[in-house]
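These notes concern the structure reproduced below.
We call the chains A, B, C and D, going by the order they appear; numbering starts again at 1 in every chain.
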């Protein structure tokens, strides 16, 4: 038999950093996953660990790089952390870093942001995925678990039908999703670039979702991607997953109440799954 | 043997309502739990269901009351729903309604709030608990899963020690919690009152947490309660649970890096548990 | 204002122990929660921690007691751990220990149990709750998240009806629940007693659930309790929570298929909630 | 810009079936995910849904196929369900079905299995993944969330070291994982074949894990794969993910207790990630 693929690493390494500028504190909180590849087949086949950098060392390295390098964007942190692994263990062929950043937001009182107090209620996370080999590196930025909903401006009609199709056509429905988006840029940047693009892309996605006159989730997804390319020309490619999280109108006819499309049953399962990936014409 | 306690009900009934005022839409989303009590011991002892209102009916009633009654505060909705059960099945002795409201926030673009688009990223929920008997009703309002953190202004020194106490004294630590608070008012109100008090209590809790010079979580909890009584005199009693969610300084001495209290390991387990309940002097 | 209630402690302290008898190993895995009470109001009111045993010490004590005391039942471990706290910090008035034991089962090959290999797939946990004061101690044993289901032998007819009642009478339905049970004994025991009673109660609950001809979840709950008192006379009191986890017949009439009560939609929400607590006639 | 990839479908469709043979009942419970591909770019680009089979229809079709086809293995059910979609909507180019089966086990009393009562406590699920195009079909079987642990027979020494490597060499440690395995067969089968192979593979994986003298998780993974090829020659390829779920020895030196490698801190995060994919020599 043959070992046709293998990798190993460390998952859910959690690291936070407080960056202080006098009384002004920044709090950043990342969950990091590290995956390394290389010819460590001797470990599998013969129990020989001579080329196996322990996963515990990957954890320690995460904190070491956090202490000594730029922590102000997950992209830059992933670049520095992946470089560390290929430098310290050059027999490795690739290092992949996946980062999820918790969104801790500064508290605001009377319109003024607080120096050192934060709220972390958001399910939304900023993501970065860095894959580095000895030849080069690719970077993907993203957003995860962003729940968005609109109460009108969404229809679904004229669809394909078979004998099991009983869905009524809807000209005015609630549309809700739990957005995942990932994108890459035409050119590499630094933390300032990644942070700014992240804010721009997020803002365009939200605004297009809110204002687009939707014929389907697919239709809206496409429009959202198009708007990103227009507003943020650095973006080369963007992928989106937009599950259709249903709010089902309650069937009041069963209990003799006159319904007015006002009361809904929000459900988590089942859900629609819609995804698409778009590439700018001038990207290669 | 004796049946010394019993109750039954329906859990996780999810109901959303869109309240439309022209193009201005409000979206409210509640998860409701209903618990009824009364002498239904014949069901237990003899399998006789004559006095058992089905839990399916409790679910239907939730949607019926949502369609026909005020949905603008969980407190008022719980009052109306509990009244329904004691009216339709007067052999019941109590109806308890627990409501969790998801915090869907209106999207904002260029400083303007959107008519009909919302974000639902927040783990935070507003809660209401209504217990109604034929004699009266009690109401508790609350907040759940509010994650708050400050990077300074928190110490923990001078504590009790035994032979297993190795915790170092800390004069400047990160303080983080996942707040649950519940309170009741001196007098009953309507939706406008419950909504306004909720905003006020929440705001005072946040501001006190942020600015209090803390000697312990207990100390801060007490100060937060005191601030609520001062700012919102309608509140008769407030209880808080403030788990101490730890950010542990990473031990850089192990890997020979000079640490500056900057890099932390956020952990979910174990966690401290601190709670307290305070009553205003002029409440009975 | 007045501090009317307070307590503090440590949650989710996870501790495992390997007990070796030659090549025969036992692996036990507990998640422990500790709650202490006493007059520590100075910490709340004045930020004075002199009487506050740190929650970090509670954690360390859990491992210390695990190393030095009987770990073969959660009841006995909770008794020893609670005693430690009242002894080392006698100003405390009570120590409550909640334990959940993961059910790691020995692997079996060709009918033979393995010396040192285990499976931990089960959601089911054994629980123990110990509350100790300087005057005495109470102990509760239990089972949590035990999913059980029967495909016949369950009916629900003749129930109370109002205008929102549309549930059809069912003479043959699937009955499924996620059982929580807690019980206390007439007299204190040791690990051997607690372990044996736990197995006996669990077995009687399962067998009665499986074989009882059910008119409702309430009816079955009562019968299960009665069977426990008959088979395990040491039990003084037993409480059960038996959520009704629904398997809804799919409505095939909508898609023109002739249904035979064979295909179901299992749902997690909403669910029925049924609970009851029974006391033996000869218990006080 | 260009739409470079897209698909859509329905997730978390839950379906259960009771198969009755007199008083002998079988209860099967699947969670199904459907993903369809085809040129539905008009929906994205122009909001034209003419070729979009609604996800609601996918859900209905799941129940329809469950009612009318073999439900005794997830593989066969996935084959029939995927065929339905390509037949009813031939403009689609592929239909992928992912199935997770909950492991409901028959209750046993006094050594006898019960006719119609089941336990569903297990986190473990059987999985099947079927991808069908108009040209052919591929099938993958699997196991998910199988928690296994051994208290001895596992070492980790002689590993690669850098300046951040502080992990001590361990000659006798606890080894625990949460196994995911997926495999495909050399030739297609029927439900009887898939069911039998599943039991065989599972049994070999467990026995090898238990008895292998492990130099690392990688080493054990390889040995487990090798054992599968030997015992179940139908298997062409097998992939495994074996996260290293740590039980960390508690550091008793901190509290002055003499430790004997008996007491551990089980942690969920961080965890090691080890994976590998093996192919039989005679598979293509």
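FYI, a residue touches a chain if its C-beta (ideal position, glycine included) is under 8 Å from a C-beta of that chain, and two chains touch if they have at least 3 such contacts.
Remember, predicted model here, so these are calculated numbers, not experimental data.
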Neighbours of chain B that also touch chain A are C, D
Ranking A-D and C-D by C-beta pairs in contact puts on top A-D
Outermost chain relative to chain D, judged by CA means, is B
In whole angstrom, the CA-centroid distance of chain A from chain D equals 25
Expressed in whole Å, how far the mean CA point of chain B lies from that of chain D is 38
Taking each chain's centre as the mean of its CA atoms, chain C sits from chain D at a distance in Å of 29
Among all residues of chain C, those touching at least two other chains are 14, 60, 64, 163-164, 166, 254-255, 268-269
Among line, ring, star, complete and other, the chain touch graph is complete
Within the complex, chain C is touched by chain B residues 1-14, 33, 35, 40, 43-57, 59-61, 64, 88-89, 156-167, 214-219, 221-222, 225-226, 229, 237, 239, 243-244, 268-281
Given the complex, residues on chain B that touch chain A span 14-20, 25, 27, 29, 60, 63-64, 66-68, 103-104, 107, 109, 114, 116-124, 145-153, 174, 176, 206-207, 209-211, 247, 250, 252, 254-255, 257, 259-267
In the complex, chain C touches chain A at residues 163-164, 166, 254-256, 268-269
